[in-house]
Each structure stands twice: as structure tokens, then as C-alpha cells.
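Order of writing sets the labels: A, B, C and D. Residues in every chain begin at 1.
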């Protein structure tokens, strides 16, 4: 997994690529939490380059979501493939995470 | 591996896709030899969908080439990737096989 | 054991990618329908992650053995470790209605496999038996 | 053996795809340069094909064990069988100037690995040792 962070109209977009598993999720957690510790009001995760996510990856995002909610921040997901969508649905997290179709929706909503 | 055979202006083009290895090359050999037994004057192999070829695959084409040469037929290769090209070079077969860049070159030459 | 394919890895998370690769290829060979291959891959990965986390408590120099076999009725995977014994009840898993990190693994394993059972005859360590039936 | 990753397959060509998948992932983990990964994959596949063809004479229900280890100086692969003994001279390989099917395998193995040697201490079957040094 690799992570790049881009800035779109003042909003940080975290773009992980490759497999998110027990090996790589600690790295993801580090990047995610270091942004959240700055209390960013919105944070977008773009999944379009994510080839795989396991429960440790999902747990990382649940943790991030809870940390952001604590100060009223919003964690937004983008580029969710059908395969990942299915795992979110199954885990009953599709209702918990905010999932958007386009970057504009994610920014403006 | 899967194989499709198409007919372009009366010339047979064999298009294998996937991995050609010790498991799949007998199937390739069967298809190749059944065309050659009909003494086709030209036969084109399009490699563009081949993800992997091992020595059993190469041996199959060497066998086909020899069988075609015996009656004056020509075996032509198309869509060779750099990786496969390297194996042909290394095996000193790049000079033995006729390798073309485009389907038109392969047909007209 | 001669019709089994076996992969043994050190209990370090960096080797999970190998287990996933072998799982996918074996699932393909077994004739499992395409859509289910990703589920099976995730399930086997989750089971191995659990071995590292729970049975070996994060120790990365132990051994995990994963065995695969194509059977007439489907696809069988066995995961063996020499770590702490899991209590068989854990196979229940927590409720998914609660939003919290962790506790998803068992559910993802049971989503992909029809049979999920610890071999209770095993004396030391764990042997998790996973079977997926061929769907008609 | 605890820092080894091991895959054991039945000696049927359909399982070679598993060996290739594991070889690629291990080569990636070992930090071998990208361009060489395909060479290493081909070499290990050729060595296993040789076991099936020559050591087991095409018998598909025997066992092949492939062991991988990342070492400081590079990447080590060991291939073990319980078949007919190979004569160590075969490692020479035939001349490539002759155009004929067959006889390429050994050359492809030596192209990818710096050390290619049969373990002569092994009593039954073969143990082929392959080492690729990290290139500076």
C-alpha cells in the first residue's frame, strides 16, 4: 500500500493504493490519525486505487470516524468499488460512513 | 489459458490469452498442430493477450515452426511484449521466428 | 496429505499477501464462482490475521500453516498454529449492530465458508477447518 | 526453518500457477528489482516443471516442496522432490545455437539465479538450491 495526500480546494484527500491489510493498516492509521489530530473539519478518503481491504483496514476507518465525530468533523468516502461496498453493507457500515459518488458531491455536501 | 482462432482475409490468426505453461501448452499444441496439419500456408499467432510463457510454450512454437517449414509454410508472430521478446532474444529464437509489429505487416509480408 | 496444497509462513503480517495469492489461485482451480473468490480470499486472510493477533499475541516469528484441498463437494481450507488455544465460542462473533472497531473477522469468515469449526481433537495450538460447498 | 515460507504442491502442472504466484510475492518482499521478478518467476516455474517431467516422469500425485527465504545477500529458493535423482552435470544445459524444442529450462533458471546447485548430500530425491544476489 502507498498513500498520497492531496489538497483540493482546501480539503485534504487521502488516496491509499494497493492492499490494506494487517500489514499495511498501521501505516494508514498513522497518516489518518495525524490529519485527524489537526482537527480537519472534513477529510475525504478516495478508495479508487484500493485493491483490497480487510477488517483491520475497516477498523482503522471506524476509529477515524469516531475520532472525527468527537469534534464534529466529517469523514467522507469516495471511489468505493462494488467489492468494497459489499463488505461495508455486510458489516452494516454503509449507513455509518458517508459515501459519495463524485469528488464534487463529497466536497459540497 | 484460452484460445480463439479468427480468420482475417483468409489467414488464420490464433490468439491465446492468459498463461502458457506446462499445464496449458498441451492445449495450445493441439490447436496449433490441427491448423498446421491442414497445411495452411501462413499462420499468425497474436501474443497480445499472453501474460506468461514458459519453455514448454516456446517448445510448442518451435515444433510448430519446424512442421510448417517442412512444407514451406510460414509461422508469424504478432503482439510480442518486451518481456516475451526478451525470452526469445535470450533463447536465440528472435532470429528464428518471424516477428511483426502490426497485423497488416504480418499479412502482407 | 498428498492432494493438499500447503503454504507455511512466518507469523508476520507481511506474509499474508502470499496466503491471499495462493487462496485466490486455489479457489479458481476449485471452480468456485468468480464473485465468491474475493470473499474466500478475505476470509482466509482474516483467519490468519486472527492467528497472528490472538493465538500468537502479535509474535511474528511463529509458524502458520494453511492447507487447501479441492473436494467433490467444494473447497476445504485448514489453518494451523501452535499458539494459544481459542475458545470455541468465539466463533459466534459479536453483534454487528454496534459500531466499533474490531470483531468483524469472524463474521467475514462465516460469510464465505459454510463450515467454520475448530478441530477439538487438536492438543496444542489451533486447527481451524473451513469448508465451502459448491453452490448449485 | 522458521524464517522460510514454504509451499508444497502435488506434482500436477495445474498447481504451477500457485508456485508462480508465491514466487512473485516473495520476490517483491525480498526487494528484487522489478524487472527481475518475471525472470525469477519463470526460473522457479521451470525448475518445478523439470521435477514433474524428469524427477517424477510425469506422475502427477507426488509432492514438490518449494522453500523461499529472504537473506541479507539476496533471495534463496530451494526445490525438493522425492523423485529420480538428476545428474549434476545437467546443470550445464545444451547449446542454444541449435533450434529445437526443449532444453531451454536450465538456461532460464541460470539466467535468473546466480547460484544453481543440487545439494549433493541429499540421499533420496533432489534438492535444488537457487540463490539470487542483490544487485548493487
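The definition used in the following text is that a contact is a pair of C-beta atoms (placed from the backbone, for glycine too) under 8 Å apart; a residue touches a chain by one contact, two chains touch by 3 or more.
Everything numeric here is computed off the predicted structure, so don't read it as measured data.
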Clusters that remain linked by touching, subunit D excluded: A, C | B
| item | value |
| --- | --- |
| Longest centre-to-centre distance from subunit D, chain (CA-based) | A |
| Whole-Å separation of chain centres (CA-atom averages), subunit A against subunit B | 47 |
| Separation of subunit A from subunit D, taking each centre as the mean of its C-alpha atoms, in whole Å | 42 |
| Approximate Å spacing (C-alpha centroids) for the pair subunit A, subunit C | 26 |
| Multi-partner residues of subunit C (each touching 2 or more other chains) | 14, 17 |
| Inter-chain touch pairs (all) | A-C, B-D, C-D |
| Complex contacts: residues of subunit A adjacent to subunit C | 19, 21-23, 52, 54-56, 58-60, 62-63, 66, 83, 87, 90-93, 96 |
| In the complex with subunit B, residue positions of subunit D that touch it | 12-14, 16-17, 20, 38, 41-42, 45-46, 49, 52-53, 96-97, 99-102, 104-105, 107-108, 111 |
| Contact set on subunit D toward subunit C in their complex | 2-10, 14-15, 17-18, 21-22, 24-26, 29, 61-63 |
